[in-house]
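Comments concern the structure below.
Naming follows writing order (A, B, C and D), and every chain is counted from residue 1.
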Amino acid sequence: MPGSDLKSDLWVYEYVTPWDYYAHGVTNMLRYARTEFQEMMIVETGAYGKALVLDGKWQSCTGDEFLYHEPLVQPALLQRAPARNVLILGGGEGATAREVLRWNSVKRVVMIDIDRQVVDACREHLPEMHQGAFDDPRLEVVIADALEYLDQTDHDWDVIISDLSDPIEEGPSFKLFTREYFEKTRASLTGGGVLVVQAGPVAPVEMHLHCRLASTLHSIFKHTASLTTYVPTYVSPWSFVLASDAPLDTTPNPVRIDDTLREHTRGGLRMIDGQALLGCYLLPKHLRAAIERESEVYTLAKPPKFFGHGISAASAESD
Amino acid sequence: MPGSDLKSDLWVYEYVTPWDYYAHGVTNMLRYARTEFQEMMIVETGAYGKALVLDGKWQSCTGDEFLYHEPLVQPALLQRAPARNVLILGGGEGATAREVLRWNSVKRVVMIDIDRQVVDACREHLPEMHQGAFDDPRLEVVIADALEYLDQTDHDWDVIISDLSDPIEEGPSFKLFTREYFEKTRASLTGGGVLVVQAGPVAPVEMHLHCRLASTLHSIFKHTASLTTYVPTYVSPWSFVLASDAPLDTTPNPVRIDDTLREHTRGGLRMIDGQALLGCYLLPKHLRAAIERESEVYTLAKPPKFFGHGISAASAESD
Amino acid sequence: MPGSDLKSDLWVYEYVTPWDYYAHGVTNMLRYARTEFQEMMIVETGAYGKALVLDGKWQSCTGDEFLYHEPLVQPALLQRAPARNVLILGGGEGATAREVLRWNSVKRVVMIDIDRQVVDACREHLPEMHQGAFDDPRLEVVIADALEYLDQTDHDWDVIISDLSDPIEEGPSFKLFTREYFEKTRASLTGGGVLVVQAGPVAPVEMHLHCRLASTLHSIFKHTASLTTYVPTYVSPWSFVLASDAPLDTTPNPVRIDDTLREHTRGGLRMIDGQALLGCYLLPKHLRAAIERESEVYTLAKPPKFFGHGISAASAESD
Amino acid sequence: MPGSDLKSDLWVYEYVTPWDYYAHGVTNMLRYARTEFQEMMIVETGAYGKALVLDGKWQSCTGDEFLYHEPLVQPALLQRAPARNVLILGGGEGATAREVLRWNSVKRVVMIDIDRQVVDACREHLPEMHQGAFDDPRLEVVIADALEYLDQTDHDWDVIISDLSDPIEEGPSFKLFTREYFEKTRASLTGGGVLVVQAGPVAPVEMHLHCRLASTLHSIFKHTASLTTYVPTYVSPWSFVLASDAPLDTTPNPVRIDDTLREHTRGGLRMIDGQALLGCYLLPKHLRAAIERESEVYTLAKPPKFFGHGISAASAESD
């Protein structure tokens, strides 16, 4: 019978499975739009600050986004430090770019996002996230389909960061989680370049997206590595996969990492330092076992179908 | 506009803050009771199996409880391996006892829980959790108030495990998170004995319970250490504090840990091995900083007040 | 941003459409079972007392059930006062029988319900509803399928009351809302006998069940009449259809009705008297128009498909 | 276990009591603002069309607003047909004005609303509600506090319509439900003028607002009458009170009402005609009894405190 003094009358639901959802009370709706590609909301919440929500999937929020963006970006850049050219696929909030631009060595960052309305709204309403990244002359924002862009890019990226929304059916991103697409990204990297992919939840009850992405990348690249982080608003622990044709160091020395960060970045990291980085590579036993067991590969013919519905599916259903 | 095909008409809400809650769809209600101390539910859920819920606070569920119970128990026992006598405060599900009894060296386990109805219902409905622990002759279950029990116990525990529900106001456990109580536990340990305390969430927006518990324990014991784990159904990352008057090894050697587990336990661990254990000790930078900054201490005069309401508070309010 | 101090952590959802649901906080779960036919809950709620919920559909609750059971039963009995023999189809709570037994003229009441577990649980947990009706020697409870029972009944009912749960797909009752079934009930009535059918919501956005039931009954019986009531926990206004081969008085004289009730019943009505009864027959203009427009008829080949899922459908889906 | 295919990820909650709430899935957010006086949303919902929501209280929606606005306006105007001068207090959506302007006899309508942002947003986004009323030269919109306006108005209104949001604590309207305020309205009426007040829900569990308003008006005016209607999105049945110093006809003759409407209005009514109007005056027995029993009167010293929180209360709490 215990209950709670809820402070809101407007709630964003994130459906995790058909049997659980996470509800966030909205204290201010900063932007609501149905764009060409997806439903977009920028909401202010009581517990976690401002958040970007696309097609009902919580993307990131000011209250804990650093727990996602730092371990998405820094492990990859530390593997190839000091990197010069970095390509970001997705990343509309500008926070991924912010993390890349923290490196003094970086000369050029290109960020490809399909939805101009999302990029513009984030730039306007989420300064806490991009922290001026959009004004950095090293950053070029390209509004385009990542699949098409990779066909015409100039093949010399040190690091490519795949920061795409989950591959829900009919959403704009599921093709970008397939073997065909990863082969294109491989062709766009420098010889020892690194690709990092946001790779979904790794709760005991739903680790398959991570495992199959790892398996898919392992079928193309000589070396892969899995990392995890904990972003409270994502409910489940979250994961990334690194992939490269050159070796990856998965037991980084904390002291040396701290030295590198001090030398090459302008600082400001909140979560990642040497110790925390090492922790990201140390996976629990059951997850390592699941990754090893997995052998399926995502292809365009057999792409991932993550739980959730995009706007086109929802429209179709309501006909 | 996207939505979800929800499969339930009965939902357990866990209120995280006044601005967010996590809802679990019930597919079967195995037991519902209002006991002398709290509201108790044992529910079957679609996503996470069977769960125990007390006063609206999700205690643990079969789908991910190993991510809580293994890192609660194994780090402490590994610090003092091979331990012989272990005291558990709380732990009604029997899963904490199960983890302790995995050790062949353990001769005696006493588990103190205040609520017989909870212990009996877990024994009946949650065999996946206790896995027969209640039938192990080394385990003695005592229905009592932990505070009173410690006054009369025989002062030679190698390890004491505080596995209590969160210290919500008017709930049955908040006094057991105070300096006075921890002094009693210290007096009940062998010289180099270890106390481990479940220490609440460590999301960036709510780390204070952990930090103050660490501070409180640090004011009594010579050595303390923080660990984290990630239990999806707890939403936030979760934490423990180890405390002892003898040194604690916070950078365990994975290979040696694996050897110890092989030698002294009958196996069966799902999350914890050497690598995973080391990962539990490697905290993110912002959490280490917050722990260092904290100096407040919980006392009976100034106990913790965690978000939530116990059954007595709720009754009082509804008068 | 305004919110509310919610007093419960366990909620029953009634899904009205895919875009709205009504949530009731449970303060005590008196009975939960998955019977042979349906999911059954008897819950105690803070706002509306005790309620019976079947397959996620709120049946009735102590807080407002009189607004359903009185206008279900009394208009039909007043049309044929004083009636002697009454057949109830469904009505597990015993409240429909209670209303019938209020009449001194009634000699025999048979109540057919398919689910013994529901009838037994209501008898035990909902004395406020049946008020001892199950102990009245005039009442005979038959656990059977209403369709089969009507084949063998003795054809002399003055009034037949169809008090069935909504005809959701795969639920136990949808066949009992068809022309074939209504023909059987007609054959079981005395010459001028009256059938009354609970006929679903009549909100402007979902009046079709009522209209088609009225149309279906109109295709069989010489006279039909629609009535409405308002039961807050049903969200939408609710409706009944009366059907008979003898004329129906749809503008009852309030004074004469009060006299009849005084003479033939033992009193105790809370909602219905002469004035209120007349009000039940006076429908809003748009509803009268919708009933007139409707010409479709429900048959076994084309039965109603009301929003909602029965337990069998849900199981099938989750395979 | 049955559930539902919900089509939205953004939900408006209307808290009815601390133990129940009604949730509407938003398919489009047309306007969200925190005005000087209240939180305002204009949402598009899947089930009920477009809705205006103020401080978390559902005001009205295109799907069923006619069930509120017609019985709010037409009974009062029919009591004093043909009326010439009508004052509306509140009524931001413009639908109350629409109903008044349906009368050819009406020469002047003044509508007082405190919140210009609400009026402007409704005019822009809810043309289905106002249907051009704002462009009718007979309508004058005054942005002002109703209490102050009544001090300076010219005392010759045939009908005054109080269409104010519920008197929640700290909301903008609770003072306008007191004896002092009603005395001002009385002084502003012509001799036999009629005041009609929206008077809240009349569910069996929450009829006190209606009863006390009726009692309050009865302490000032010679004649009062209660009416009810059924607006599905309000969950509970809804009520109005008419008050006048001249007699009120509470058993209108349906045929004569239909004649009057034909003669004096330009038609277009959906719910109200003679039959439906008579039905509005025929209250259920328990409600009539409750009104008769009530003797308390709302005053400025003891105003109504309806369930809910205004924006100022919520802000204060979150400090």
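Operating definition for what follows: a residue touches a chain if its C-beta (ideal position, glycine included) is under 8 Å from a C-beta of that chain, and two chains touch if they have at least 3 such contacts.
The structure presented is a predicted model; accordingly, all values stated were derived computationally and were not measured.
The interface holding more C-beta pairs in contact, when B-C is weighed against A-B, is A-B. Using the average of C-alpha coordinates as each chain's centre, C ends up farthest from subunit A. On superposing C-alpha atoms, the copy subunit A sits rotated by 180° relative to subunit C, to the nearest 5. The geometric centre of subunit A is 53 Å away from that of subunit C, both derived from CA atoms. Distance from the subunit A centre to the subunit B centre is 32 Å, each centre being the mean of its Cα atoms. Per-chain Cα centroids separate subunit B from subunit C by 49 Å. Within subunit C, the positions touching two or more other chains are listed as 1-9, 13, 15, 18, 23, 25, 27-28, 34, 39, 46, 55-56, 314.
If touching chains are joined by edges, the resulting network of the protein chains shown connects every chain directly with every other. Across the complex, subunit D is touched by residues 3, 6-15, 18, 23, 28-29, 32, 34, 39, 41, 46, 53, 55-56, 314, 317-318 of subunit A.
Residues 1-8, 13, 15-25, 27, 34, 39, 45-48, 55-56, 63-64, 66-67, 201, 203-205, 228, 230, 232, 235-237, 269-273, 275-276, 278-279, 282-286, 288, 308-311, 313-315 of subunit D are the ones touching subunit C in the complex.
Residues 1-9, 25, 27-28 of subunit D are the ones touching subunit B in the complex.
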